[in-house]
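Alright, structures below, take your time with them.
Shared chain: subunit A. Partners: subunit B in the first complex, subunit C in the second.
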Partner chain A sequence: MAAKTFKRKDGRKPEEFRKPISAKVGIIPNADGSAMWQSGKTIAIAAVYGPKELHPRNQRDPAAGILRCNYNMLSFSVTDRIRPGPSRRSTEISKIMEWALEPVLLIDKFQSMVIDVHVNIIQADAGTRCAAINAAAMALAHAGIPMKSLVSSIAAGKLDKTVVLDLDKYEDSEFEEGEGSTDIPMTFTPDGKLTHIQIDGKISKEQLKQAIELAKNAAKEIYEVQKKALKEANKK
Partner chain B sequence: MTDRKIVIPGEVIVKGNDFLPGEGTERNGEEIVALRYGLAEESNKLVKIIPLSGPYLPRRGNVVIGKVENITFNGWVLDIGTAETTFLSLTEVPRYVNKDGLDEVMDFGDMAVAKIWTINKRGIDLTIKGRGLGKIDEGIIVKINPNKVPRIIGKEGSMIKMIKDETNCNITVGQNGLIWIKGDKVEDELFAKRAINFVSDKSFISGLTEEVQKWFEKESKGEKNNGS
Partner chain C sequence: METPHINQERIKKFLSEGKRFDKRKLEEFRELEIETGVSKNAEGSARVRLGKTEVLVGIKMNVSTPYPDSPNKGNLMVTAELLPLSSDRFENGPPKFPAIELGRVLDRVVRESGFIDVEKLCIKEGEKVWTVFIDVYSINDDGNIMDAAGFGIIAALKTAKIPKYDEKEEKVLFGELTDNPLPLAKHTPISLTFHKIGKDFIVDPTREEEDISETRITIGSYDGNISSMQKGEKASITLEEMDKILELNEKAWKDLFKKLEKFVK
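== the complex of A and B ==
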């Protein structure tokens, strides 16, 4: 297989994710729930406020609660300063986060209320939406929001002809050998069901299946890290 | 016997058909699954989850402390720290109130101890009919994390009784995390406030009652030394 001859720039194996992976819960005392997720050089912090009253009133849903996510990259999170404030990209990722998290939330009884999730990327090295979803899932659990389970997010992809896990910044945006790179961020529940998948690039049906399997197994490890962080949150 | 451990959403707490799912849990076939983050407690075959974090969730019958946010033609809107609008109706006040002078009974910014009477789709209704309920006239109010209220009260009220006895203050604990302290001297009230903050800071320790007992012994000695 091509996997044996293929070398990644940072020396990782194709099925290896970035190190270190670390998670911490309860980092923002003011918030109802908060969490930090680090995956390699990417760091995301999430804060959850609510359930609380929703303003403006016309956006209220009298039948169920609403999840409102806000993704933001801080201006110093990348080498070239990015312009602060909402952009087309951050609005899109905020919506993606809502879609990835909503299937596991049980917020029907919070009628006319909203749960706010604010995620800030303090350091970005690709895979920020996965880090954001991981942090948000932990922060929602920490805030005591009823949910079926956590969700764990990880990207798989394809570099030239090789299926790989967890692309970094170089692999995601600069890699141009052969067929180039494909990035597939995915979000899984602990029992292996998908709640979100995106594809940026080209990939064959067979290799897509391979990539999903690869990410599914990696998501289990991510879940264990999230679980451990939540369990150890109150030990001092 | 009670058995406690921290669980996360989706985690299986116990297996077997002889357990009953309580608050924050759900039955899934043979298993009882957690639906929220907290401490799982199993007693008399009933499994429930005690919240460790998150905002205050109102329950019927809870005694809460609120601040007057608005005055309407037939009652007061109170802020008790929840998303729902909280209303205290005129009819739930155990005295005659002149409809033109609601602000003479309770004005904007006044605090009151009230009980949650009903929770419905429109919001929460309060009552101040009952012993120990009503407007707060003097004393100080301390705010703590609502999840630590059970530790302040202690098993069958043991902790709060000890703080009351040691500080000679009258203390009313609202389930929403607001605590009203009323003593004869301001020093006593501030002492009680320090004691409450100590308990809330050390709430994760086991054997907390003994720890607080020691704290009181140390503090009361220090007070005497300062006095002489």
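== the complex of A and C ==
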């Protein structure tokens, strides 16, 4: 296999996370729940407001509560400044976040209400949607929103012929050797179900299965970090 | 959440006795904490905590054409966003008046004080100059975002480094910074806001106090010079009160200058 000889630019092994991984809960006093997630150089902060009345009224769902996510990158979070405000990309990621989180939420009883999750990327080095989802899941739990469990998000992928974990910005957007780069962000429940997957690139069925397995195991470690951060916040 | 009427009345009553809910004196700021280099892709950045209020400020630079009326000067752009993340009062969507005013007032503090030597940001007269983007984001709003953002801007500008510029290719090498700091003046423009509640003037209001402010005056000043001012909200002030504010500003400026020096030289 090529895996043995393949070297990543930052010296990581194929199945290795970026360091540091860190999580903190309760970072925004105004919010009902809040959390920070850092993977390597990527930092996301999330705040939850709600459940609260949904306006305008015509968007209300009389049968269940609504989760509304809002993903935003700060203008200076990337090397080439982005214009403040929503974009097509941020609109899609906001929806992807809702889909990734909804399967574990028990918000049927919050009829006609909304739970707002605002996530901002302070510093970006690829993997921002995964960081956003990890922070959002912790913030929702911190806000006391009824949930079956947390969700944990991580990307696997492929660089040339090698399946790898947790691509950084260089690997995601500049790596061009051989077959190039494939990015597969995924989100898992603690019992190993997928609530979100996207693929950008090119990968065979066999290698995709490998990548999913790799990410699933990594998600377990992320879950432990999330849980620990929540417990620490509750001690205070 | 709006501040309940009963709290508003209580705050006013307290102030008339010279007291505040958090035991501060009328002219006393909350604890200030500044961290720089908090966002590594920015040319400069700062996180400011003023009590429970928190803001992030980032500096980005790019090369663009100068304005026709200032062919040998760099450009400056200050944008402020009141993130919905920071308070349930803020919503998504196009910036509303408070965010627009915040950006414009802070822009004048930096611009009018001559803090950035914009002539040194000229690469080729009439063709290429640096543009400095200062972006302010609220992270937690417990009042006085305005002053906190002003402190953050100073800290971020003072620690910023200019990106590398490839003169042959005529493009900025984003992500690669030189060791060159921004061309800044020796003086430090500090922006401070004074709020009138009843007969009294206070500094650094909490969210609740800000809600009952009758009028506010924001002053940008350095070394005894006043370079920008903005009066907001409806109540009028007498000339005697104006004198008092100017006096308060001088004292507060010295106090804050000392505090800022602890974090950035």
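The rule we apply is simple: the second predicted complex is superposed on the first by the 233 of 236 C-alpha atoms of A that agree within 3 Å, B and C clash if a C-alpha of one lies under 4 Å from a C-alpha of the other, contacts with A are read in each partner's own complex, and residues count from 1 in each chain.
Here, a residue touches a chain if its C-beta (ideal position, glycine included) is under 8 Å from a C-beta of that chain, and two chains touch if they have at least 3 such contacts.
Since the structure is predicted, the reported quantities are computational estimates derived from the model, not experimental observations.
Once the two complexes are overlaid on the shared chain, A:227 sits against subunit B while remaining clear of subunit C.
In the superposed pair of complexes, A:30 makes contact with subunit C only, with no contact to subunit B.
Shared-chain residue A:118: touches subunit C; no touch with subunit B. When the two complexes are overlaid on their common chain A, residue A:52 makes contact with subunit B and with subunit C alike. By the touch criterion defined above, A:95 lies against neither subunit B nor subunit C after alignment on the C-alpha atoms of chain A. By the touch criterion defined above, A:81 lies against subunit C but remains apart from subunit B after alignment on the C-alpha atoms of chain A.
Using the contact criterion defined above for the overlaid structures, shared-chain residue A:209 touches neither subunit B nor subunit C, since it reaches no partner.
Taken together, the two structures place residues 52 of subunit A in contact with subunit B in one case and with subunit C in the other. On subunit A, the positions that touch subunit C within their shared complex are 28-31, 41, 43, 45-47, 49, 52, 70, 72, 74-81, 84-86, 116, 118-120, 122-125.
Chain contact summary for the complex, subunit B toward subunit A: residues 6, 8-11, 24, 35-38, 51-55, 57, 83-85, 121, 204.
If you check the complex, the residues on subunit A that touch subunit B are 26, 32-33, 50-53, 62, 104, 106, 110-111, 113, 141-150, 189-190, 226-227, 230-231, 233-236. Contact residues of subunit C toward subunit A in the complex are 38-43, 45, 52, 54, 56, 58-60, 62, 79, 81, 83-88, 92, 94, 133, 135, 137, 139-142, 174-175.
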